[in-house]
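Okay, got some structures for you below.
Paired with subunit B in one complex and with subunit C in the other, subunit A is shared by the two complexes that follow.
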Partner chain A sequence: MNKHLIREWHFMLRQSYVLVLLLCGFLISSFSVLTGLSEIDSQRETIERLKTADQLDRAEAQDKHNAPGALAYYSFHLTYSAPSNLAFAALGERDIYPWKHRVRMLALEGQIYESDAQNPELAQAGKIDFAFVISALSPLLLILLFHDLFASERASGRHELLVTTTESSFALWGARVVVRLFAIFISLILPFYVGALINNVAMTDVLILSLWCLLYFIFWIALSLLIGRRESSAPRIASILIGFWALFTFVIPILGDLAINQSIHSPQGGEILLTQREAVNDAWDLPVQTTLNAFTATHPEYIGYKHENEGFDWGWYYAFQQVGDQVAEPLSIRYREAALKKHQRASFVTLLSPTLLIQKKMTRLAETDALAAMAYERRIREFHKTLRMTYYPWLFSADKFNKSNLDLLPQFDSTTSGTTYSRKNE
Partner chain B sequence: MSKIHLAQIGCVAKDELRYWSRSKLAISILTIGIVLTLSSVIVTAFKMHELSEIRHSMQETSEETFMEQPDRHPHRMVHYGHYAFRAPSPLSMLDPGVDAHTGNSIFLEGHRQNSAMFAEQEQSTGLTKMGSLSPAFIVQVIAPLLLILIGYSSVSRERESQTLSFILSQGTSIFTLIFGKGLALFFVVCLILLPLTISGVFAVLLGESLAIVGGFLAGYMMYLLVWVLVILLFSTLFSKKSESFTALTFAWILFCIAMPRIASSTASISVPTAGKLETDFAVIASLRKLGDGHNAQDPAFTKLKNSLLKRHGVDSIEKLPFNFRGAVASASEAELTAVLNQFAEDRMLQELQQTLVARLFGWLSPKVAIRSLSMISAGTSVETHHRFIRETEELRFRFVQSLNKAHMEKLSYRDDVNRNKGEEARKKASVSSTNWQMIQGFRFSPADATTRFTRSADAYAQLTLWIVFLLLFIGYTGRRVQ
Partner chain C sequence: MGSSKQDKTLIESKSLHVQIKDTSVLKGLSFRVAKGEIYALLGGNGAGKSTTLKTFLGFNQASSGAAFIDGLDVSSSLASVRKKTAYLPENATLYPHLTAKENVEYFLSLAGLNKSASEIENTFDLVALQKDAWERQLQTYSKGMRQKTAIALAILREAPIFLLDEPTSGLDPVAIDEFNQLVTELASSGATILMVTHDVYGACQVANRIGLLRKGELVGEFEANQNERIDTEVVHAAFAQRQP
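Coming up: the complex of A and B.
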C-alpha cells in the first residue's frame, strides 16, 4: 500500500497545476490566519485601552460629584465582549454586532442600540478568515483538484489501460485520492495550527475543528468522484460541481433568507426608541406620583419614598428613566425575539447546506456568531440592572450613602454569563 | 498582421450563437443568468421601495410629533430630540451597497452626537454574508462565472479538434475569429445588462441624474467586457479546453471570491481606526475644559458673562436685554459642537482612508474595481453614509441653536430662573409651540453627480487599464498562435 502512496505522491509533484493550486491554497490560508490573528490582537488591545480610559474617566467623574444621583448620571461603565482564543479563525459577526459599549444608569433602551460598528464598506465585502477559506474556498480548490481524476485519464486514453493493469482499484484511484486529500488538507490547515499554537487554543477545539474540516473535504471529494464517474468531459463535471457549490453557498442561503424574512415580522428598531423617548419626556409633565406609582409597581421596596423638593429630584428622575424602559419593554422583547427566531429558523436552513453548516459550527465554537452577540447584549442588560439595584437604596434613602460606598458598584466582567451576575454589596 | 473583416466577424459570431443554441448546457446557463438577473432586479427594487416608504413615513412622523409638542421650556425640546432617517438613493435598487450595514436612523439631541442606529444586518438571518440577491452581486460575481461556463472553449475547442488550422488556412485571421467569438459573448453581456438598464430608466424617473445612470451601466458593461476578454485570452492561450476551463475558474475564484475579502482584511490591518467609543474619551477630556452649558454659574462662562455685560453696558445679568441662560446654552453648544465635529471628521477621514486602501485592490481585481464604481455611483458607498452623518449633524446643530435662540429671546431670565417654583412658574417659563415648526424639511439625498463621478474616476481608470492590458495580451497571444 505504501508503494502506491509514494508513487502517487511523486506523480502529484510532477503536475505543476496541482502544485500551483496547493501553493495558492496555502498562501490564502496563511494570509487569512495572519490577518485574523492581527484583528483579534487589535480587538484585545482596544479593550485594554478602553478599560484603562474607562476607569480614569469614572474616577474623574466621581471626584467631581457628590450626590448619588449626579454620580450615576456622570459615570459611564464599560462593557465588552472579549474575543475567544479561537476567534482569529472565525471572525464571524463581530464586524456587524457591537462588542463594546459604555452604559450609565439612564434608560437602557435609549443606550443599548448605539453601535460602535466598524467600517461598513469593509464589513459588506466581508473579511477573509480561516472559516471562509474552509467553507467557501476549499470546495472550489477541491473541485479543481478532483473533478478530472477519471476524466483526465480518459482524455489521454490511459483510462482502460490503467484499470486493466492495476491490482485493485484502491491501488490506483484510492491512493491518488488519499495523496491529494492529504496534500490539500495540510496546505490549508497547517497555517491554522500555527495560529492555534500562538493563541493557545484548547487542544479539543483544534481536534474538533480538524475533524469537521476533514469531513467537509471528504464530502466534496465524494461528490466530485460521484459526478466524475458519470460524466466524461472534465469541464462538464466541474460545471456541475460548481453548480452545487453555488447552490450551497448562494442559492439556498438567499432563498432561506427570503422565506424567513417573509415569515417573521420584527418591529422597527426606531419604534422602540420613539416609545421610550415619549415615556421619558412625558414624565416631566406628569404628576410625580404617577411616575412613582408606575415605578413602585415593579420595585415595591421603595413604596415609602417621599418626593421631597418641589422641583427636580434625582430619585424621581431615575424612576421615570426606569418607567421609560418599562413602557418600551414589550416592543424591545418582541424585537429581540424576532431576531432570535430568525436565527433559529436560519439554523434549519444551514442543515440544507454543508457550506453554511461548517461556517456555523466554526463561529459557534469560536463564540463569534449572532448567538454570542445576543448573549453579550443580555449581559449588558444584567449589568445595567445590577447597577440600578446598587444605586436605588442610595437614591431613595439619602442617609444610606456615603462616598466610600462607590467601591460597591458592580464591575463588568466579560466572563460571567448573563444570569450569574452578582452584586458586590449583597 | 492580417486584416480583420467586419463581415467575417459577424459570421463567426453567428456561428458561435448557433453552436450554443444546440447545446443544452449553454441554453440552461443563459436561462439561469437571465432569470437570476431579472429576479434580483425585481426583488431588490421592491425591497428598496419598501424601505424608502418606511423611512420617509418615519421621518414625517418624527417631524409631526416634534411639532405637536405643547408649549414648554425650549431646553426641554433640546433634550426631547429629533430623529433623522436615511432615505435610500434611487440607484440603491441596483446596488444597496452598505445600506444594510450602517444604521439608517440617528437620534439628534443637544450636547451629543449619537451614532446611527439599527443596521438591518443586525436584525437579519445572517444567511446572506456570502452573497445576496442584489443585481450588483449577481452581475459582479455570478455573471462572470456564467460567461466562463459558456465561453471557456470558444477558441480552445477549435484548437483541440484541429479545426483552427483549417479555419486559418481558409483566410480567416485569428483575430477575426477571436473577435467574432467575443462578439457572441458580448451579445450575452447585453442580455444580462438589459434588466439593469430597465431598472436604470426607473431610477432616472425617480430623479437620479441621467449621466450617473449612464456611467453606472457603462461601468458594468466595461466590467463584463473585461471578463469577455479574459475568457478569449485564456481560451486562446491554452490548447486544451479542460485547461482553459481550469485556468478561467481559478481566475474567477481569485478575482471574485478571494480578492474582495483580501482587500478588506488588508485595509483593516494597514489603517487601524479607533472606534467611536475610544475617541469619545478624548472628546470627554476636551469637553471638561468647556464647562457645563446647563449651569450658567460654571466658572467657564465668566468670560462670556463679562464680555456680554460690557457690550451692553449693564452691571448684572438680570439687566441684559436677553436671557443670559439662553446665551450660555447657545455659546456652549457652539463650542461643544466644534470639538465634536473635529473628532467626528477625524474619525470619518480614517474610515475613508481605510476604504481607499481596499479600493486600491481594483488594480488587482476587476471585481473590486466595479464594486467601488457601482457603490459610489449608486450613492450607497461609505461616502454617502458620511454625508448622512454630516447632514444630520448640521440639522442637529440648526434645531438646537434655533431652540437656544428662542430660549434667549422669548423667555425672560427671571421666569427662567423661577421655573421650579410651582406649577404657575413652570407654565410661565415656556415658549409657544410655534417655535417647534422649524424642524420640518429634512430629506436626505446622495451627493451630486459630479462629486460621485470624481470619486469613481479611479475605478473607471482601473477597468480601462484592465481592458487595454487584456487587448494587448490577446494581440500578443493571437500572433503566437497564428
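Coming up: the complex of A and C.
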C-alpha cells in the first residue's frame, strides 16, 4: 500500500495545478487564522483595558459618593465574555452578539438590549475566519481537486489503459484520493495547528476539530467521486458539484432562516428596551405607593419600607427601576424563548446542510455560538440580581451602610470555561 | 508469415452479443486467436471493433455469449484476465508532463511490477525509441514515439496477450513499418495479438488472420498461407464490397 501512496505523492507533486491549489488553500487558511488571532487578541486587549478603566471608574465613584443609592447609580460594573482559546478559529456569533456590557444597578433589560456592536457593517458581512474557510471555501478547493479525477483521464484517453494496468482499484484511485486528501487537509489545517499552538488550545479540542474537518472533507470528496463516476464531462461534473455547494452554502441557510423567522415570532430587542424605559419614565408621574406596591409584590421582605419624604428617594428610584424590569419581563422572556427555539430549529436545518453543520460544530466547540451568547446574557442577569440583592438591604431596610460594606459587592469574573461572579473576600 | 502457430487458444469470442443502451453492437461474434498468432479484426466505422476490444478488457458486459482470455471468462475473472493482457489504446496518451522512463515506471508500479533501469532501457532499445528522448517529457514526442513508449510498457508488463486498438492510426509510413516489424517480433517470441483496425493494408502486412467485421457480425475470415502475407487486394475487395 505504501508504495502506491508514495508513487501517487510524487506524481501529485509533478502536477503544477494541484500545487497551485494547495498553495491557495494554505494561504487562505493562514490568512483566516491570522485574522482570527488578531480579532481575539483585540477582544482580549479590549477586555483588559476595560477592566482597568472599570476599576478606576468605580473607585472614583466610591470616593465621591457616600449614599448607597448614589454609589449604585454612579458605579458601573464590567461584564464580559472572554473568548475561549479556540475562538480564533471560529469567531461565530461574537461579531453579532455583544460580548461586553457595563451594567449599573438600574433597570437591566434596557442595558442588555442596547447592542454594543462597534461596526454593524462588518458584523453583517462577517469575518473570514478559519470556520468560514473550512465550511464555505474548502469545498471549492475539494471540488477543483477531485471533480475530474476520472474525467480528466477519460478525456485524455488514459482511463482504460490505467484501469487495465493497475493491480487494484486502491493502487490507482484509492491512493490518488488518499494522497490528495492528505495534501489538502495539511495545507488547510496546518495554519490552524500553528494558531492553536500560539493560543494554547487544548489537545482534545484540536483533535475534535481536526476530526470534524476530516469528515467534512470526506463528505465532499465522496460526493465528487460519486458524481465523477456517473458523468463523463469534467465541466458538467464541476457544475453539478458547484450546484450542491451553492445549495448547502446559500440556499438551505437562507431558506432555513426565512422559514424559522416566519414560523417563530419574537419581540424585538428595541421593543423590550422601549417598554422598560417607558415603565421607568412613567413611574416619575405615578404615586410613589403604586410603584412600591409593585416592587414589594416581588420583594415582600421590604414591605415595611417607608418613603421618607415626598421628594426624591433612592429606595423609590431603585424600586421603579426594578418595576421597569418587571413590566418588560414577559417580553424579555418571550424574546429569550424565541431565541432558544430559533436556535433549536436552526439545529434541525443544519442536518440538511453539511456546511451549516460543521459551522455549528466548530462554533459550539469554540463557545462562540448563540448558546454561548445566551449563557453570557444569563450570567449578566445573575450578576445583576446579586448586585441588587447586595444593595437592597442598604436601600430598603434598616441595615446600616458604611463604605467598608462595598467589599461585599459582587465581582464579575470571566474565564474561558464560563463566566462566574463572586463577592470580594469570600 | 504463417497460419495459426500453435493450437492453444488464448483469445476466444463465443457467440458474443453486446448491447449498448438499446442498440445491439455485437451480434453473435465468434472467433479464436491461438497462441503466437496475430489476429486483425477489420471493419469500418461502427462495425463493433472497439466494442469487441472493450468487452475483452471488461468495460462492456456481454448480454449473451462470452469472451475468454486464456480460458478465463472475462466477465467473471476480470482481475486475472487483466494481468494476462497488455492494452495499447488508439491514442497512446501517457502523461505528457512525465518523461518516457517516468511514464513507464509509473505504470509498472501501478501494475505492481518492479523493473530495473537497464530492463527499461533495453526495452526502449527494442522498440527503437531514440536514446536522447528517454529523459524528455512526452509532450515533446511525436505520435510514433508515444506509441513506441506505450509498446515498451506493454512489453515490460510481460503479458502474454496484447490487445491493440487501431495501433497504426495516425502514424507515418516509416513508423508503421517499424511498428509492424515490432509486432511481428513480439508474436515470434510467443505473444498473442488481437488488433482492431480499419487499415486493410496494415492488417494484411502484419496479421496471420483477418476477421472482417460488419455491423457486429463476422462476415469473413482471411488466413495467410505459409510464409506469405494475406492478399491485400482480396481483402480490400471484400471490405469494399461489404460496406453498406
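Assume the second predicted complex is superposed on the first by the 412 of 426 C-alpha atoms of A that agree within 3 Å, B and C clash if a C-alpha of one lies under 4 Å from a C-alpha of the other, contacts with A are read in each partner's own complex, and residues count from 1 in each chain.
Basically, contacts are C-beta pairs under 8 Å (C-beta built on N, C-alpha and C of every residue); 3 or more make two chains touch, one makes a residue touch a chain.
Fair warning: this is a prediction, and the values are worked out from it, not measured in the lab.
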| item | value |
| --- | --- |
| Partner chain(s) touched by A:L162 [first = subunit B, second = subunit C, both, neither] | second |
| Partner chain in contact with A:I208 - subunit B first, subunit C second, else both or neither | neither |
| Touched partner set for A:E39, first subunit B, second subunit C, both or neither | first |
| Which of subunit B and subunit C A:K3 touches, first, second, both or neither | second |
| Dominant toucher of subunit A (residue count), subunit B or subunit C | B |
| Which superposed partner A:Y97 touches (first subunit B, second subunit C, both, neither) | first |
| Subunit B versus subunit C as contact partner of A:V194, first or second or both or neither | neither |
| Touching partner for A:D257 - first (subunit B), second (subunit C), both, neither | first |
| Partner chain(s) touched by A:L181 [first = subunit B, second = subunit C, both, neither] | neither |
| Common interface residues of subunit A - those touching subunit B in one complex and subunit C in the other | none |
| Complex contact set, residues of subunit A against subunit C | 3-4, 7, 11, 14-15, 156-158, 160-168, 171-172 |
| Residues on subunit B engaged by subunit A in the complex (per definition of touch) | 25, 43, 54, 58, 61-62, 65, 70, 72, 76, 79-81, 83, 85, 97-98, 100-103, 105, 107, 114-115, 117-119, 121-133, 142, 145, 149, 152-153, 241-242, 245-246, 249-250, 253-254, 257-258, 260-269, 272-278, 280-281, 284, 288, 351, 354-355, 358, 371, 375, 381-382, 385, 419-422 |
| Contact set on subunit C toward subunit A in their complex | 54, 57-59, 79, 82-83, 85, 87, 89-95, 97-98, 106-107, 109-112, 150, 153, 157 |
| In the complex, subunit A residues that touch subunit B | 17, 21, 24, 28, 31-32, 35, 38-39, 42, 46, 49-50, 53-54, 57, 60, 93, 96-97, 100-102, 110, 113-128, 132, 136-137, 140-141, 144, 148, 151-152, 155, 233-236, 238-239, 242, 246, 249-250, 253-254, 256-258, 260-261, 266, 268-270, 273-274, 277-278, 281, 284-285, 310-312, 335, 338-339, 342-343, 345-346, 349-350, 355-356, 369-370 |
